[in-house]
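Multiple structures are listed underneath, in structure tokens.
In what comes next, chain A is part of two complexes: it sits with chain B in the first one and with chain C in the second one.
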Partner chain A sequence: MTNAVLTGLMLGGMYALIAMGLTLQYGVARIMNLSYGEFLVAAAFASYWLFTGWALSPLLGLTLVIPLSFGVSYALYRVLLTPLVRRARTRDALEVESILATFGMMFIVQGIMLAMFGGAYYSYSFLAIPVQLLGESLALNRLMAFGLAVVIGLALYLALTRTRIGTSIRAVAVDPAAAQLVAINVAQTSALAFALGGALVATAGVLISMFLTFSASSGVVFTMKALIIVVMGGVGNLLGCLVAGLLLGLSEALVATYVDPGLTLAVNFALFLTVLLIKPAGLFGRAQR
Partner chain B sequence: MSPSRIALAVAAISGLVMLAFLPFFVNAYYLSLAMSLLQFTVLATAWGMFSGPTRYVSLATAAFFGVGAYTVAVLGEVLAWPLVLGIAAAIGGLMAAVVGLSTLRLSGVHFVIFTFGLAELVRQLVVWYEVNKTRVLGRYVFVDITQNDIYWQLLVLAIAVFAIGWIIARSRLGFALRIIGEDETVAQHCGINVTIAKVALFTISATVMTLVGAIMSPRWTYIEPSIAFNATISFQVVIMALLGGAHRLWGPILGAVPLTLLFEFLSARFPSTSTLVMGVVFLLIVYALPSGVAGLWDRVAARPLWRLTKKAEA
Partner chain C sequence: MVSPVTRLAAGVLAIAGAAVFGANDAAQAQTSVKIGYAISRTGPNAGGAAVSTIPNYDLWVKEVNAAGGLKLGDKRVPIEIVQYDDRSSAEEAARALERLISQDKVDFILSPWGTGLNLAVGPILNKAGYPHLAATAVTDRAPELAKRWPNSFWLLGTSADASKTLVELLVKLRTEGKIGDTVAMASIADGFGIDLSAAARPALTAAKFKLVYDKTYPIGTQDLGPIVNEAKGLNPDVFIAFSYPPDTLGITEQSRIAGFNPKVFYTGVGTAFPLFRQKFGANAEGVMGIGGWSGDSPAIKDYLARHKAASANGAEPDRWASAVTYASLQMLQQAIERVGKIDRAAVINDLQTGTFDTVIGKIKLENNMPTKYWWVGQWQGGEFYGVGPAANEGARSAVVPKPAWKAQ
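Our next item is the complex of A and B:
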């Protein structure tokens, strides 16, 4: 039981980290990014490449991957997504357009990775040392990834609530029209939030690659989990992300241990629907629309 | 009926007769190509039937297609063929109704997320069942259906889809859906039961998709979850419908034909880069042709000069 709960909490922490970037992209920049998981896998491959090719520790690799992914995401928003934002007349229209555009991007990124690495599963061994915790043995790399996820989550929370830029990001998430009235550059802030989301998902990708096997086509699953968590927690809400992520991780671990590991997705969907049928705006979402 | 309408009807009927006799004149390769063309025409038209007027993006085509294919794999040897098709359609329709009732009452996002994962979810459930209950993954499809039969069944289904679409567009349901697509709040205030209308159309569209999967199932002799629930189908269908234009009944076929040919060519010649090319084609369509070929045609037809000559003719 302790083992299942511990595994579930650590899994949930990772899920929360994965979903945080998406809650910024979808909650602030209003882009429902279906290619989100592909960027996670791309970062995992980058980390794999740095580690096996250059013997660079994934933790050092982060210092390369984070700024790079931030830049790529920023450019992506400016070049590919800004035209859609301009073209869309309503928020719903932008949602549909961004779904379609990022759906195409998903296949492009996946196609590039397939061409480079093929369809095989990859993994590498880094800090795979057993550690004792509450009488259970856990791998050090998982524990460290979880620790880093907590640190990053806290840092992000503080940045969003204590800094001027963070406050403007939250303002855009709540109401872009009103944010404009108090002299917030909505376009700039959206691009920033989108890029920040890209950097976060890349970080998650690097951390996950330390203990999980991944392949060029495994991004979809991450996108789906992140989407479920974001909507379940309430769009644009970091606390909601954390709670929904932990909920999902725990229920998955418990079902995998006591029922069947092949039913995790069914559990995800059941949980998703249950929450939404009771609270359509998500656990921490404001009722709107 | 105006003379041009009669000419169109005559052309359509003679075209259909020619299509019906096609299997007697072409070799196996072209017959298989024709089947792919029909398959994607039906899938894309069915997709456009729901997503065109409502503007809800459904990414679940592969889920219904796979359910149809699997129903045949399980029941094909046991029951008579029409009965198997009927059961497949019923399962697909029921599944769509459940999914629709649980997600379409909420906002569009929930529907997208749910349909995004639906094929994967059904695949997991089938794998789980096969591993735990039958203990073999994968089944052989032994039914007494020839390639020609598959072709004719698809042709009949294609005609049926266009007939259903035509009828819906002229019914109260079609009118309600157009209002929902324009503005859901307005539709609600007009006294339209928005949920029922959306779920009904989604169910019809999904039933057709399930039937396509069921009819195509005998084409493979061996079937397993990863073949039946291949997410690429969902993707291809969305691109095709968008390229053609999902707001018109005849729109998706304009995208299904060229793109089926393109994908056939790509998967034969460049299998390793086909995913990449599909993605690029998709982005080009989204950015350059947001309302598809049909939308382009509408714009051209609405040009002042064109209208002037039309008036002169009249």
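Our next item is the complex of A and C:
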């Protein structure tokens, strides 16, 4: 039991980590970023490259990758997505247009990665050491990814609820028109949220690359997973993201251990559907926005 | 006095005429052999294609052209390549091949990567009369397909054969007293895993092994911890995972961390990849997996060296389908050269009946399939040697029990 719960928590933490960036990008900036998974894989490649080419530990690599991805995402929003934001009459229209734009972006990012790294699988070992916790051996790299997911999640939650800028981000998520009326710079805040999301997904990519095998084509898996978690937790809600991620991870591990590993996907989707049936806006979502 | 316009028109006509005649000339005297293929550069198959297929196609074309080309009669004709990305989709592969045949009018077509895509393009190649050397397809329907499509050659064998060979090896190890009779088996719920586990189940039972754990997991499973932990709890002598590359690496990593070290540790596709050794280093030692090659044979050593030298980053081939893929190209080349002209029916006939000298040894097909395969390999001293079937030339004896995992 301990083992299944621990494995589930760590898997769930990873899921939450994967999805947190998307909840900011989709929930606040209203950009349904279909190239989300590609950015995650790009960060994994960056980490791989730094680790194998420069012997730079992924944890140190984070200090390079996070600011870089923040900058890139910010620039992307400013240059590529702002025209869409200006043109869109409603938020729903923006969602549709951002789907099209980021769908194209997905191919570009994937193409660049294919050109640089080819289609092969990549994997490296970092901190793949067993550690004992409650009498069970767990991989240190997974444990660390989980720990960081929790720390990042809580830090962001506090930042969003306790700081002025966090409050304005939440205001934009709830109602951008009204936010504008109280002198919040919506464009600026959206760009910030999008860039923050970009930095988060890159963090997830670096951490995940320590224990998952990836290739230039594996982005879509992460986009799908993130999307499910974001919708399940309530769009734009960080806490919901964390809870939904943990819920999925736990249920997967418990089902794999006590029922059948073959049913993990089925349980994932059953859980997703149940949540949507009971709370259509997600676990922590508001029915009206 | 000729006006500039007339001159221009005459010039254009002359160029157009030259082009037409030039084309005619080309058709009469073969100046190149056009070879086309559609391969998964993107999509879920890209990982496999990038390791086993693309480097071998590149290497072969480079080598043949460096030697002046394919020998047709008494002269050499360089290879010209037309290639498309099938995006890992059967429809896209079919479309690309139709295009290669009807628009690009290629002389020969190389096969795509993977069982699914080879099955998908089989009928097209058969209808158009192109030889189809499926070097990366494992299917139990291979003998039946070879009959239905006489142009198709199934070089990687059947999954039933793969499972049977593994069980034979286990029986031998049990008779030698090296292992007991408990087996834990996990398999991926996708083509390959389903086929192999379906064949292994009855074979294991028939050989009186106790299957203490037998579970499947969906493709894309990101944490294989629960499977490894449960298998470990049952303390089996043998652990078998019919897995795909990402889970092969995942399961091995998890087992190492959980300290799960059965006497026989066998994983599926990807065990034979250079990436496996690169990731696990000394811990690869003793791990068994699907595939293998005669690592000591001079032809293989030479092939390995050429493969490394040809790829940009010194990448090594995988120790299973790569060598078979390269051998399939050698077979095609020898058949074409023996026929001496672009005559696809004659080339197919030669492939069916001829004997071929390849990096994996002499090959003579029976019913469009080879008679010998490597089904079980094992990492021994940094090389993935074939250990089963034990009767194969160059087979090493399996190191059992597997050495303990080392702390990294």
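Following the convention adopted for this analysis, the second predicted complex is superposed on the first by the 275 of 289 C-alpha atoms of A that agree within 3 Å, B and C clash if a C-alpha of one lies under 4 Å from a C-alpha of the other, contacts with A are read in each partner's own complex, and residues count from 1 in each chain.
Heads up, the rule we're going with is that a residue touches a chain if its C-beta (ideal position, glycine included) is under 8 Å from a C-beta of that chain, and two chains touch if they have at least 3 such contacts.
Just so it is clear, the structure is predicted and the values come from calculations on it, not from any experiment.
Clashing of chain B with chain C is the outcome of superposition onto chain A. By the touch criterion stated above, A:265 is placed in contact with chain B and with chain C alike. Once the two complexes are overlaid on the shared chain, A:114 sits against chain B and chain C alike. In the superposition on chain A, A:86 makes contact with neither chain B nor chain C.
When both complexes are overlaid on chain A, the residue A:125 reaches chain C alone and has no touch with chain B. Of the two partner chains placed by the overlay, only chain B lies in contact with A:103; chain C stays clear of it. Once the two complexes are laid over each other on the shared chain, residue contacts for A:4 go to chain C alone; chain B is not touched. In the superposition on chain A, A:164 makes contact with neither chain B nor chain C. In the superposed model, A:227 makes contact with chain B only, not with chain C. On chain A, the patch touched by chain B and the patch touched by chain C overlap at residues 110, 114, 221, 260, 262, 264-265.
The touching residues of chain A, when paired with chain B in their complex, are 32, 34, 80, 83, 87, 92, 95-97, 99-101, 103-112, 114-115, 220-221, 223-224, 227-228, 231, 260, 262-266, 268-269, 272-273, 276-277, 280, 289. Interface of chain A with chain C (complex): residues 3-4, 7, 10-11, 14, 110, 114, 118-125, 128-130, 137-139, 211-218, 221, 249, 252-253, 256-257, 260-262, 264-265. On the chain C side of its complex with chain A, the touching residues are 40-44, 46-47, 49-51, 54, 88, 186, 189, 215-218, 220-223, 225-227, 229-230, 245-246, 249-250, 253-254, 256-259, 270, 273, 275, 279-280, 315, 407-408. Remark: chain B residues 55, 57, 59, 102-103, 106-110, 112-114, 116-117, 120-121, 124-125, 127-128, 131-132, 231, 235, 238, 242, 272-280, 282-283, 286-287, 290 touch chain A in the complex.
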